Amino acid sequence: MIKVGIIGATGYAGAELVRLITTHPQAEIVAISSVSFEGQKISDVYRSYVNINEMICENADDVVEKAEVIFAALPHGLSQELAKKCYDNDKVFIDLGADFRLKSEEEYKEWYKGEYVHKELHDMAVYGLPEFYRDKIKGAKIIANPGCYTTCSPLALVPALNAGVIDTKGIICDCKSGVTGAGRSLSQGNHYPELNEGFHPYKVACHRHTPEIEQTLTSFADEKVTITFVPHLLPVNRGILATCYAPLKKDITMEELRKIYQDFYKGEYFIRLLDDGQVADIHNVKYSNFCDISLHLDKRANLLVAVAAIDNMVKGAAGQAIQNMNIIFGLDEKTGLEIVPPAF
Amino acid sequence: MIKVGIIGATGYAGAELVRLITTHPQAEIVAISSVSFEGQKISDVYRSYVNINEMICENADDVVEKAEVIFAALPHGLSQELAKKCYDNDKVFIDLGADFRLKSEEEYKEWYKGEYVHKELHDMAVYGLPEFYRDKIKGAKIIANPGCYTTCSPLALVPALNAGVIDTKGIICDCKSGVTGAGRSLSQGNHYPELNEGFHPYKVACHRHTPEIEQTLTSFADEKVTITFVPHLLPVNRGILATCYAPLKKDITMEELRKIYQDFYKGEYFIRLLDDGQVADIHNVKYSNFCDISLHLDKRANLLVAVAAIDNMVKGAAGQAIQNMNIIFGLDEKTGLEIVPPAF
Amino acid sequence: MIKVGIIGATGYAGAELVRLITTHPQAEIVAISSVSFEGQKISDVYRSYVNINEMICENADDVVEKAEVIFAALPHGLSQELAKKCYDNDKVFIDLGADFRLKSEEEYKEWYKGEYVHKELHDMAVYGLPEFYRDKIKGAKIIANPGCYTTCSPLALVPALNAGVIDTKGIICDCKSGVTGAGRSLSQGNHYPELNEGFHPYKVACHRHTPEIEQTLTSFADEKVTITFVPHLLPVNRGILATCYAPLKKDITMEELRKIYQDFYKGEYFIRLLDDGQVADIHNVKYSNFCDISLHLDKRANLLVAVAAIDNMVKGAAGQAIQNMNIIFGLDEKTGLEIVPPAF
Amino acid sequence: MIKVGIIGATGYAGAELVRLITTHPQAEIVAISSVSFEGQKISDVYRSYVNINEMICENADDVVEKAEVIFAALPHGLSQELAKKCYDNDKVFIDLGADFRLKSEEEYKEWYKGEYVHKELHDMAVYGLPEFYRDKIKGAKIIANPGCYTTCSPLALVPALNAGVIDTKGIICDCKSGVTGAGRSLSQGNHYPELNEGFHPYKVACHRHTPEIEQTLTSFADEKVTITFVPHLLPVNRGILATCYAPLKKDITMEELRKIYQDFYKGEYFIRLLDDGQVADIHNVKYSNFCDISLHLDKRANLLVAVAAIDNMVKGAAGQAIQNMNIIFGLDEKTGLEIVPPAF
C-alpha cells in the first residue's frame, strides 16, 4: 500500500483526495493536515465522512514524515518550501496548487506576483497532465498538477493543434465552472441566494490560468499560442465545460477531424470522444475522472468548435493527482479511478 | 385601455404576457386562446394565477375579434395566416414566433423549411427591437418580435459594429440560456433530474437564430456579418447571457469603447451599461426588461469581449413585445415594464 | 406620498422593502441606512438595483428624521431604542425584527436572553398580522411585524382553532424555508456547494419562533396552545411551506372544514384557499404577498393537515410590513402589493 | 462472480443498479432488459455510461435465462409472473417494485387495486430491509425490496417503538424526497422550470407507502401502528429526509434514548447515528447506502423527533437491493457498497 499524506485536507481539493483515496485499493492515507482545523477530525468538517474517515488533522511536517507521497492542496506561494522538504526527504510531491505549473518564472511573476525560490525544483517539476506528458511523469519526484480549466481546454484543443489543422492565434476558450472551483472560503458571490439562478463571467480575459493553458498548447505547436480565456461561474456544484473556438487553417471534414482525435487519444481510458451529434455535458462526467469531448465544425465560419467536459474536482484536481501517483508508482493508471459517473 | 388578445397563452411566452399585462396600467387582456387548453382556465394551467387571472382559453378567432392588438406566441409556420387575418381586420399583430423575423425568404426556407405565403405582409413587418428600430416600429401593423438569443447578442455587439471598431467576420456568440427558453413541452433533456447539475451546448453552430442575429448585425455594418453562434442550456429557469467575442479592427481604449456604447444607448432606459470591473449577470435582470451589458478588452488578443444579460422571457420575449405595443400605441415605452429586478 | 425610511436596508428584508416600495404608487423612500455599508449606494450592494435605486446609505438618525414611517430590519435587541425615538418624534415604526413580537417579557427573556427596556412601548405595540389583527393595526404607532415562520403556520391553523375543531395540544408545524430566511450573512452552511442538493432540519423543537406561533394560536383558543415546531432549510431562494398537523376534536367533513376557512378568510385578498385536490406550493406564491392554503383530512388518524405557502421575504417580511403600512395610512391594503406571482 | 440480470434497466432504479453492480467486485451484469429501449444500448439512454457499460437491452426472458439473480425494477403489477418464472427456474428474484411488499392481500387490493396471483410466492417472499429482517433474508428466493420512503421512516422509528418508549398512534412521518423518486417518465410537474425553486406536498395522507410503513412498524410493536404519512417533493435529484414525530409514552432522557438506538443498531455499518446537536442531512448520504439518523426530544410537547436521511436511489432502492443480494449469496454485506458520500 502506498502511504499517502494530504496537506490542506480540509479544502475542497483536499477533501476530494480523501474521498477518492479512501477507496483506492493500493493506497492508504496515513496522515492529513489542515491549518484551519488542526487537531480536529476531517469528519467534523465534512459530515459525509462520519464513520468512514475520522482522521485528525495534524501539521504539515508530520504528514511529510509519515507519507511516501504527499499531495498538497494549498493557495499558491505555499508549496515551494514544502516541495523542498519532500524532495530532500526523497518523497514524491504532487502539488495541486499553482507554484510549479509555469515553466517561465517571468510569467509566474507577472500573473502570480511571486518568485521561484528553489529554481532547481522548478526545473525538475513535471506538469502532470498524463494524456500529454505521461513519459515524463513516470520518473517525476515533483508533479505540478494542472488546474481545472487548464486540464479541460487543452484536452479539447491539443489534437487539432498537434495535427496543424488550427491556427495558433484567435483561439477562444469560453469556460464554465461549477462553484466548487472557487473553493470552501466564504464569499458573498457564493452565498447561496446570490449565486442560485444566476450566471456570470469573471476575470474576463485576465484569469491566471491563461498562461498555463497557453504553455500546454504551445508545447504542441510550432509557435507561441495565444488564447482568449473567459471563465464563467455555473450554479452547479461540479463540472467544467470548455467551449473552445479555433480558426481552421484549411478545409477539413468531420471524418478527418475525428480520425485525428481518435489517433491522438488512442488507448486513453479517461478520454471519451463522443459520437457525431452528441454534445459534451458536465452531467455525464460528474464524480468521475472522465473527460468527454465533442467535436463540431462551423463550415460557415471555417471554425473548429471543440467542447470538453470534466469534473473540476476529479479530472480537474484530485482524480488527476491520483492518476499521476498511479503512474509514478507503476500502478495501472485507472487504479482507484474506475468510477461510473452517476446517470442523475 | 388597450384591448389585448393573446394567442398561445398557455405556452411560456404567452403565460409571461399574461403576467405582465395584468399589471399594465393602460392595457387589459380581453381574450386569450390555447389549442391545448381550449375551454380551460389559464389558472388551471398555471396555479400561480389563481384568483388573479382566471380567464378561459377561447379559440384564436375569438381573440382576433375582441382585441385591438394581438400577441401570438406560436410555433413557427402558424403565424402567417393569423397575421393576414389581423391585418385584414385592422388589428395590430405582434408575433413572438419566427415567421416574420427574416427579411430573406431564402434564409427562411433554408433554416425553417417553410415558405412565405403573404409576401406583402413580410414586406411590411417590422423587426421589433426598439433600441435599434424604434422609428419603424411606431407605425407598424405587424411586428416580428425578436427571439431571445437574437435580442441579447446584437445588443452586446451593435454599438461597436456601428462604430466600425470590430470586424464583420470572426465574431463568436457563446450564449447560455435558462430552461424556459425551451418552452413548456416535455422532453427528457428538460426532465428535472437529467438537467439539474448539468450543462451542455446544443445545436452547435447550426441554431436557427444564427441568420436572425446576422441580419440585425449586418444592418449596422457595411458588409454581410457572419457569426458563429453556440447556445448552451443553463440549469436555471430564466436568463440569457451572451458572451460575444469580436476581433478589433484597431487599437481602442476602454474609455473610447465606453463612450461609443454610452452614446449609442443614450436615453435607453432598458439598457444598463455596467461600470468597468463589473460583469453582466443574469441574476440582476431576472423578471425585468433590462439588458445589462459589460465591456471588456483582451489586449493580448486584440479582441472585444462584450457580455449581455437579459431575462429571456421578458426582454427576450414578452416584455419586449409589450415595449413594442407601447411604442405603437404612443405610450411611454416603459409603461407596465418598470420592474425592479429582485436582489435574490 | 408617504415618506418611507428603511433602517437596515442592505439586509435581505431591507433590500426587499426597497424593491417593493420603489413601485408603490403612494409611498416613496426618502432615506435608507445600513451599518455595514454607510456611505455606499444600495446599488453597489445589490447590482440588480443599478439605475433604479442608487440611494446612499445614511445613518439611522437621518432616516428617522426624514421619514414619517420607519421600517427597521435589524437583529433582535436593536429595535427598542429606535422605537422610542420614533415614538417620541411621532413617527410610525414598523419593526421587522423580533423585539416587539412577544407580549410576555418572560418569554422574551427565555428565548432571546434580552430585556424589555421601554415597557410602555411593548404594551402599545401591535402584532402586525393583518388577517388576524387588522382593527388593532389601524391606529398603531408601533408594529411588530411577524417573522416568516410565524406568519405561515398560524395562517394555516387559526381558522380551525378558532372554530374549535382541533386540539390545542399535539399540534406539529413541520416547516421548510428557502435560504434567504437565513439572511445575507455568510456561513459555511449557506455556502453554495454545501447547501445545494442538500436538505436538513435545524433548531429542532427549539427555534425562537415557537413561542411567537403559540402566542398567535393561543389568541384564538380558549387555552394555551403548545406546538412542536421543526424548521428545515430548502435549497431554494424563497418561500416557506408549513405542513401543519393537528388532532381533530371531532369528526368533520371536508365540506365543513372548507366552509370554516372560507368564512374566516372571506374578503381576504392575500389568502388563496385552494380547491380540493390542490396542494400549496411555494412555486406559486414567490415574489408575491399571497398565502396559499390547502386543506387535507387524514381520516385514518383523525387529523387535520393544513398546508400553507408564502414567500418568506414578502408575506413573511417586507410585503406584510407594507400591508401594515397601508392599513395604518388608510390606503387600500393591496396598494403596491398586487403582484402576479410568476408562473416559472 | 454472481451472474446478475436487471429487468427494467433503463428506469432510474435500474440504471442505478447498473452503476453500482458495474463496480461490485463479486458480481457482474450478464444481461439487462427494457421494454422501451429493447435493442438499444443502455449507454444511448444514459450517456454517462458511454465506454463503461454499453450492453444492449434484451427482453426479460433472456435476462431470466442468463442470470442467477434477477433484479426487477418495474411498475407494480408486472412482477408476479416474473417472480414465478424465476422461482420455477431456481433463480433468486429481488423485486424493487411493490408487488411483494404487503403481507396482506387486502391491503394490496385497497391501495394498489390488484390481486395476488401466486399466493404461495407472496407467502415465501421476504421483506428486504436487512437491518430488521436479516435472518429471514439469508435463505430467501424472493425479496420484496422496500420502497424509498418505507426504508427511511422505519429506520428512524423502529428502535424507539421496539423499546416501547413511543405510542403506536399519533405518529407522523413528514417526508421529503428528491425528484428521482418520481422516476424517468416525463410529467409537467417534473419539467425543470415548474419544479425548480418550488416545493410542495403530494398525495397528502393517501400515499401507497402508508400501509407498508405501518406493516414494518407494527412488526416491532404489540399492536397495529397507524401513521400519518405526508410526502413532499424536493427540488434536488437525490435523497429522502424523513422527519418523524412520535408521542413519548413516558419521560426519557436523551442518554437513554441514544442508548436504545445504539444497542439496536450495534454493528450496523450502514446506519450512522449522529452525535447530539447534529442533524441528518441528505447532503451527507448522497450516492451512498448510508442512513444518517439524528434524535431530538421536544420536552415541551413530550415528543420524539427522529430524523433519517438516505439516498432514495441507493439505500432506498438499488443499494439496498444489492445489500440483500450480498446477504443471500453469503458475501460481506458491504461488498460493492463501501462508497464514500461526496462532501459536495
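Lettered A, B, C and D in written order, each chain numbered from 1.
Throughout what follows, contacts are C-beta pairs under 8 Å (C-beta built on N, C-alpha and C of every residue); 3 or more make two chains touch, one makes a residue touch a chain.
These numbers were taken from a predicted model, which means no experiment stands behind them.
More than half of the contact pairs of C-D, counted by residue number, reappear in one of A-B, A-D or A-C; that pair is A-B. Looking at B-D alongside B-C, one finds more C-beta pairs in contact between the chains of B-C.
Centroids built from CA atoms put chain B at 38 Å from chain A. One inter-chain figure worth recording: chain B and chain C are separated by 37 Å, centre to centre, where each centre is the mean of the chain's CA atoms.
Computed centre separation for the pair chain B/chain D is 46 angstrom, with centres defined by C-alpha atoms.
Counting only residues that touch two or more partner chains, chain A has 12, 180, 193, 195, 197, 235-238, 281, 283-284, 286, 344. The touching residues of chain C, when paired with chain A in their complex, are 12, 178-180, 184, 186-188, 190-193, 195-197, 235-237. For chain B in complex with chain A, the residues that touch the partner chain are 169-170, 172, 174, 176, 193-195, 197-202, 204-205, 210, 226-228, 230, 232, 234-239, 241, 243, 245, 247, 279-284, 286, 294, 296-298, 300-301, 303, 305, 307, 309, 344.
Those residues of chain A lying in contact with chain D across their complex are 12, 15-16, 18-19, 22-23, 46-53, 180, 197, 237-238, 272, 274, 278, 281, 283-288, 292, 313, 338-344.
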